[in-house]
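Take a look at the structure below.
Chains here go by letter, A, B, C, D, E and F, matching the order in which they are written, and residues are numbered from 1 within each.
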C-alpha cells in the first residue's frame, strides 16, 4: 500500500485540489484528477522518501477551526494597534518557547499557524534545544502567548503527528 | 570563322598554358621555357597568318555572348594597329622567353615565373584584342595584377615588395579610373562595343561628359605608361627580374597606356583639352625623364627613365592630334620596343656576368664581352636617334611634327625646343651607358671575371638589333606595309601621305637632330666629371623623389588618416553605440511623425482611480529601480518586480488574462535568475557622488537623459495616438469568429498560439531552447572573477561560526535556517505539479497553456533547489533538461508534420470531439499535442538555464586566468604600417 | 517524394530544426556521429535549396510573372495564417545560406566543432533561422525567425568561449536586444495602423491608410528599418560588427557572412514591397536614407579596412563595405541596379565567407603552431577537465601556394578587380546607375549616381590597398619556418567558395537573367501581392480535416 | 441598481487596495534594510492579487481567477529567493 | 485610461533607455527588462484598450465587437517569452564577461 | 458584467465582505509603512494575508455561487496557498534580520542559544 500510494492524505488533498480547480466533481474529472494526483504523489515520494505519520486526521478539522477563530481575533487586535498609530500602547518583544513537537511537518504546520496569525511570528527554531524564538507584536503577557501556542496548537499537533 | 576562332585562341591559350606552367615541378626549367616559347610561337604564327585580313583597314571580329543584358559580350577584334601590337607582344615575348631560360637561376621557382609571364602575355593580348570597352578594362587590370606578381617575384627582397605594391596601387588606380571612363563613354555612346564607339567620335567629343571621360581615360593611360605625374612607379618596378623589365617595361605593359591613347585617338583627340593635357604630360615626361636618366647610376634605372622619356615622346606626339603625329607615334612604339628590349637584355647580361648594375663600378667591359658590347652600342645608338637606325626615323618624324606645329607662339617655341633638349639628353644618357660600361679601364672589385654569355642568351639581342638596323636602313620594305596597316586602322582611310625614307634633304628637323647629337656629345663631355663622381640623383630635382612622396602620401592617407578617421567616425564602446541606436530610432520615427501624426483624440475608456493609483506604484517602482540599479542591485531587483507586477495587473485590467499569467510567471523566474547571477557580480560601493563627476561625464548624462526622455515621450505619444484612434478592419475578427469553429478552442489567444499562428510559437520555443543550450555551453567554461570565487561573506561568517563551536557542525546554520521553510517548500512540490498540469490542460479553452504550465513546472523544480540545495535535489530527482528540449521540439515537429499524411500543409490542426467513457465529449485537438511539445521544451529550457547557473556554486571554483582588471586594449598587436 | 516536393517551401526550415533537435539526443562523445548527421542534413538542405531555386526560376518563366511559391501554414487562408513565400530572391538566399553552411561546417569539422557543446545543434538552428527569415511572408514571423537566428548566432559567436569572444558577444547581444525591441515597436505600430501582419497584405493596404495615420505608419516603418539596419551594419549602427566577426571562430564568422544579408534582405523585401509604387503617398519612403546611409557605410567600411590591424578586422570592415554597397544600391531605387546588387550580394558573401575561413589559416603561416596554441588557450585556458581536441583531416602539401592563390582570389573579388565576380558585380551596378533606363537610351545621370559610382570604385581601391598590404605582409614579408598545417577539409571549403566566384563569371549570363527577373519582381510588387493574397489553401475552411 | 451599488462598492475596494499598494511601495522605497523591502514586495504581490480578485467580481468574470491563484501559490518564490540571497549570499547552494 | 497607460509606457521607456545607456552590466540588464515591459505594453496597446472583453469566447454566435483584439496579445506572449530567453542569455554572458575581465563595465574595462 | 437582476442582499453582502477585506489589507499595509521596527512590521502584512484575503475571497465565493448557479469554492485554494506561502517568506526574512542584527550587535535582539559570535 505504502509503495503504491506513498502519501494517501496528500493524494486526497491533491485530488480535491484538482476538483476544486476544475470546479466539477464529474467522474471524468475524478478519474483524471486521480491519475494526476497519483503522479504528483510519486514525485513527492521521490523528493522526500521519509513521510510523516499522521495519527489522528480527524483532529485536523478542530485545529483549522481553532486557528480560524484565533486569526479573526488577532486580526482585530493588530488592526487596532496599527490604527492607533503604532505608538506607545503596545510593546513588542521576543519569546523563547520550548517545544515538544519533533516532527518536521508538524513543526512546519505550527510555524505556519504562528506566523500566519497576525501578531505573532516564528523567527528561529533550534533543533538541538528544541526551542523556537517567536516575536510578538503586543507582548502584554508572555505566559499567555506561551500557553496559546503550546496548549492550543502544539498539543493538537502532537496528537495529529504521532 | 576559322580565323576568328584563332583570334580567341591567341588570348586564351596563354592563360591555359599559364595554369599548366604553374603545375609543373620546380625544376622543370626547360619544359617551362619550351611551353612558353610554344605559346609565343603559336601567337606569332597566328598573328602573321591573320595579316592579310587587317590590311587596308580590315577588321576581324568574333563575339561571344556573356551578359547581353548589360551590353557586356566578349568581343575579340583585330585591326592593323592591334595586329602590330600582337606582333610586338608575341615576337618580343618569344625572345624574352628564350632569354629568360638562361637568365633565371636554377634556384628560382620557375613555374611561378613562367605562369605569371604567360598570364601576362594573355592579358596583354586581351587588351589589344578587346572589342568591348569593359572587356578591355578587364584585361587591362589583369596586366596590372600579373605585372604586380612579376615585379614581386623575388618577394624576399624588400624593394621587390615595395615596387610591386606601388605598381599595383598606381596602375590599379588608373585602371579603376579607366573603368569609370569607359562606363561614361558607354553611357555617351549607348554601347560598350568598340566598333560602335570608334564610329561615334563627334558624339563623344561634343558630349558634356567628354572632359570627365577624357580625364578618366587619361588617368588610366598615363599611369600605365608612367607619364608625368605618375612616372615614379616605373623605376621601382626594376626590382623585377630583367626579362620582366625587358618585356613589361619596354615592349608591352607600359605600351598599353599609349596603346589606349592611340585606340581612342580617333574619337577623343583634336580637342583643346586633349591637346593641352596630353601634350603637357608627354612633353614634361619626355624632358624630365631624359634629364633624370642621365644621372642614374643603376643601368636598369637609366633604361627605365629613358623608357619614361620615350613614352613621353609618344604621348607628346599623340597629344598634338595631327594624323602625321599619330603615324610617328605608332612608328616609335614599334621602334622603342625593339631597341629598349635589347638594351634591357644587355643590361641583364651585364648584371648576370658582373654581379652589379652600378655604372660606377662597371667599366671597360668591351674587352670581356665584345659581342654583347657591340650589340648594346648599336641599340644605344638607336635610342639616341643616330641615323641609319630605327630610332632616328621616328625621332625625325617627331621633330618634324614639333617644328611644323602651328598653334600659339608659346607652343610653337616650347615644342621644338623641348624636343631638341630631350633629344640632347637622350644622346647624353646613351653615351653614358656605352662609355661608362664598355670603355675605360677594366673593372675593379668584381666578384668574378665577366665573359660572354651563352650564345643562345645573346640571340634575342642579336635579332632585335638586327631589326633596328633593318628598319633604320630600309624602312619602306621592312616596316612600311605593317605600319600602313596600323595607321589606316587608326587614322582612317584618308591618312595623309608620309614618307619613311631616310633622307629628306636639309630641313629644320635635320638641324634639330644635328643639334641634339652634337649638343648631346658636348653635354656629355661637359658633364663627364660630374658624372664620374657618381652622385646619385639628378641635380636640381634630385630630392624630389616621386616614390617617397607617394609612399608618404599613401601611408598618411591609407593608414594614419584612416585610423584617425575610424576613431573619429566609429567607436568600440558599447554606450555610444547604443546611444546612436536610440538616436537614429528617434530620428526615424520623428521625421514622419513631425510631418503629420494627425489630431489626438480624448481617451475613450473612462478613468478609474484604482488603475491610476496602481500605475502610480508602477512608475515609482520603475524610477526607483532606475535610480538604485547602480549601487543597490537587490533593491533594484525588488523594484523591478514591482513594475512587473503592475504590468501584470494592467494586462488583467484590459482583458488579457493569458498575458497576465505569462508575465507573472516569467517575472518570478527572471527574479530568481538574476539573483543567481548577482552572486558573481562585484560588490559595488557608492564612491562617486554627483559633484565629483567629471564635466564630460555630466554632459554625457544629460545627453542620455535627454535621449531617454525623448524616447519615452515618443513611445507615449505613439501609443496614445493609436489607442485613441478607432481600430480599422483588422485580421483580429477572423480569429474570434473561427477560434472555436475551426480551431476547436475557446481561448482565442491560445488557439492563435498553437494553431493560427503556431509557427510563431514554434520559432519562439526554438529560441528558448537555443538560449538554454548557449547558456549551458557558456557556463561549462565559466570562470568567476577572482573576487567572486570565495563563498559569499554571509556563508563564510556562518560557517566559521559553526566551525568554532564544538557542538556544531559545519553547515548547521543553513540547515537550521531552512529546516522549517524547506518542509513547506517540499510539500508544495506536488501541489505545483498539479497546478502546472491544470494550467496546461485548460489552455485551449481558458487562460493557460503549454508555456505557462512549463514555467510553473520549472518553478516547482527551482523551489526545491532553493530549499534543499543542488546536491540534495539531484540525489533525488534525475532531470535531463537537454533531452526535454529535444523532445519538446520533436513532439511539436511531429505534430506539425502529421498533417502531411492527410495531404495538408504543415501544422494543419485536426480536432474532433471524442466520446470518452466516464468523461464525455472531449475536444481532442492535435494542437494540444503541439502544446505538449511547448510544455516539454519550456520545462527543459528553463530548468537547464537555472540549474546551469546554480551549478556554478557547487563546482570547484576556478579562477579566470586573466588579471582582475584588464586595462590595456586587448586588440591584436599592431603590425607595421605597410 | 512527391509529398516532399509539395512541402518544398517549408522543408528548408523543418530539416535543420529536426536535425538540430535530434542531435540533442546524441552525446557529445559521439562527435563523429553528430558531424555525420549534421553534414548529411546540410547536404540535403543544399539539394532542397537547389530545387527551390529551380522551382522559382521555372515557375517564374512559365507564368511569365512573379514565380512566387506560397505555403499557407496550418492551411489557414492568407492573411490570417502565416504564409511562407519562396520567390526568386528568397530561394537564392536560401541557396546561399546552404552553401555557406556546408562550407563552414566542413571547415569546422577539422577542429572547431569539438571546442564546445551543442555546436551542431546551434549550427542547424542558425540555418533554420536564416531559411525561415528568407522564406516567411509574415512580418511578425519574420521577427520570430530573426530571433531564432540571432539566438543561434549568439550561441555560435560565443562558441569556444574565451575573453575576446565573450566581450564582443556582450556588445553584440546588447545591441541586438535593443534592435529587437525596435523591431517589435515598429511591427506593432504597423499592426496598430493597418491591422494586419502579412507583408503582402500590409503592402496592399498601405495606400488606403488615412492621411492622419500615415505619420504613425511611416514612423513604424522607420523604426523597423533601424532594426534591420543594425543587423545590416549600416553606419553608424554597425560598429559592433567588425569586433564580433573578428572575435568569432572562423567557421562561425564564415557563416555570419550571410547574417548581415538578412538585414539587407529585410530592407530590400519590405521597402520595395510596402513602399513600392502601389503605396500611394508613402511610395519610396526611406529610399534616400538608405542611399546616403549606404554610402556612408561604404566610406566607413573602406576607412575601417584601411585602418584594420588584423586580417579578421579587415574582413569585418569588408563586410561593412559590402553592406553599405547593397544598401546604397537598394536606395538608388532602380531595378537594374538592384539586380547588379544581387549579383554583388552573392559574390561578396561567398568571398567574405572564404576570407573568414582563410583568416584562421593565415594565422598559422605567421607563427607556426600558433593556431593550436591560440585555440587551446582561448578555449581551455588552464582547464584540464575537458577532452583534448582531436584534429581531423589530412594535411595538404604546398599549403602556402594554395593559401596564397585563395587569398589573391578573395582580394580580387572583394576589391572588385577583374576578372572575377566582384568586378562584374560592380559593373552590373554602375552601368545601370549611369543608364537607368537601359544602355541605349539617352538620359541624364543623376548626381547620386556619380557619387555612388565613384564611391564604389574608390572603396574597391581602398580594399585593394588594404588587402594587398595584408597579403604582402602575410605571404611575402613573413617567411614561414615550416610547412603550414592546413588540412584538406579546411582548404576545400575555401576553394569551393572561391570556385563559385569563378563560376559566377562563367555563368554570368544566366545568373544575371535570373537576378534581373528577381529584381524586376521586387520592383513590381503587385505580382507578389496578388500571388500571396491569392495563395490557395488545400480545402475550403468549411471542413477542417 | 443593485448591480450599480456592487460595482461602485467594488470600485471603492479596489481604490483601497491600490492605496494599500501605495503604502507598501512606500516601505519598499524607504527600506531601510533589504529585508523591509522584500517583505513589502511580498505584501505588494498580495495586494495585487486581492485587487485582481476584486476586479473579477466587479466585472463578474472568473477569467482572471487563475492569475490570482498563481500569485497566491507562486508569488512567494521570488521573495524567497531574495530572502535567501540576503541570508546566504546565494540562492541555490 | 489610455493616457495613464501611455504615460506608463513613456516612463518605462525613459527609465529603460536611461539604464541601457549606463556603463554597468547590471544597469543594462535592468534597463532591458524595463524596455521589454514598455515594449510589451506598447504592443498590447496597439489592440486598443478594452475592459472586460477577454478573448475567451463562450460559444454560440460570436460578435467580435464584444471581444478585444486577440492579435496583439498573441504577439506580446511571443515577445515575453523571447525577451525572457534573451534576458537569461544576456545575464550569463555578462557574468562570463565579468569572469574574464574582472569588471562589470560593459566594455570589459574601466574607463 | 455584473447582471442587472442581482439581488440586493447579495450585492450588499458581497460589497461588505470585499470592503472589509480591502480595509483590513489597507490597514495591514499602512502598518507595514508605519510600524517602527522590522520585527513589528512583519506582523502587518498578515492582516491582508489572513482575514483580508479571507473576506475578499468570501465575497467572491458568495458572488459567483449565487450568480453562477453553482457552488464556487475554488477560492479556498487561494486562501490555503496564501496561508502556507506567506509565512515562508516572513520566516526566512525574519531569520535573516535576526542574523544581521546579531552581527551588528543590535541590543534588543535576543542572543542565539549558542551565544553571540563577537568576532
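We adopt the following convention: a residue touches a chain if its C-beta (ideal position, glycine included) is under 8 Å from a C-beta of that chain, and two chains touch if they have at least 3 such contacts.
The structure presented is a predicted model; accordingly, all values stated were derived computationally and were not measured.
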item	value
Partner chains shared by subunit A and subunit F (touch criterion as defined above)	B
Chain nearest the global centroid, as defined over all protein CA atoms shown	C
CA centroid of subunit D to CA centroid of subunit E, Å	21
Subunit B-subunit F separation of Cα centroids, rounded to whole Å	68
Distance between chain centroids, defined by C-alpha means - subunit B, subunit E (Å)	40
Centre-of-Cα separation between subunit F and subunit E, whole angstrom	30
Residue list for subunit D, restricted to those that touch at least two other chains	14, 17, 19, 21, 38, 40, 59, 63-64, 69, 73, 75, 80, 84, 86-87
Residues of subunit B whose C-beta touches two or more other chains	572, 574, 578, 582, 608, 611, 637, 646, 653, 657, 678, 715, 718, 722, 727, 730-732, 735, 757, 760, 764, 767, 770-771, 774, 778, 781, 783, 794, 798, 807, 817, 820-821, 824-825, 827-828, 831, 835, 846-847, 949, 960, 962, 966
Where subunit F touches two or more other chains, by residue	1, 28, 30, 42, 44, 49, 72, 74, 77, 81, 84-88, 90-92, 94-95, 99
Touching pairs among all chains present in the structure	A-B, A-F, B-C, B-D, B-E, B-F, C-E, D-E, D-F
Complex contact set, residues of subunit E against subunit D	51-52, 54, 56
Residue ranges of subunit D in contact with subunit E within the complex	59, 61, 63-64
Touching residues on subunit A, where the partner in the complex is subunit F	17, 20-21, 23, 71-72, 75, 78-79, 81-83, 85-86, 92, 94, 96, 111-112, 114-124, 126, 128-129, 131, 133, 135, 137
Contact footprint of subunit F on subunit B as seen in their complex	794, 797-798, 800-801, 804-805, 807-808, 817-818, 820-821, 824-825, 827-828, 831
Footprint of subunit C on subunit E - complex, ascending	20, 25, 28, 32, 35-36, 39, 42-43, 45-47, 71-72, 75, 78-79, 82, 85-86, 89-90, 93-94, 96-97, 100-101, 106-108
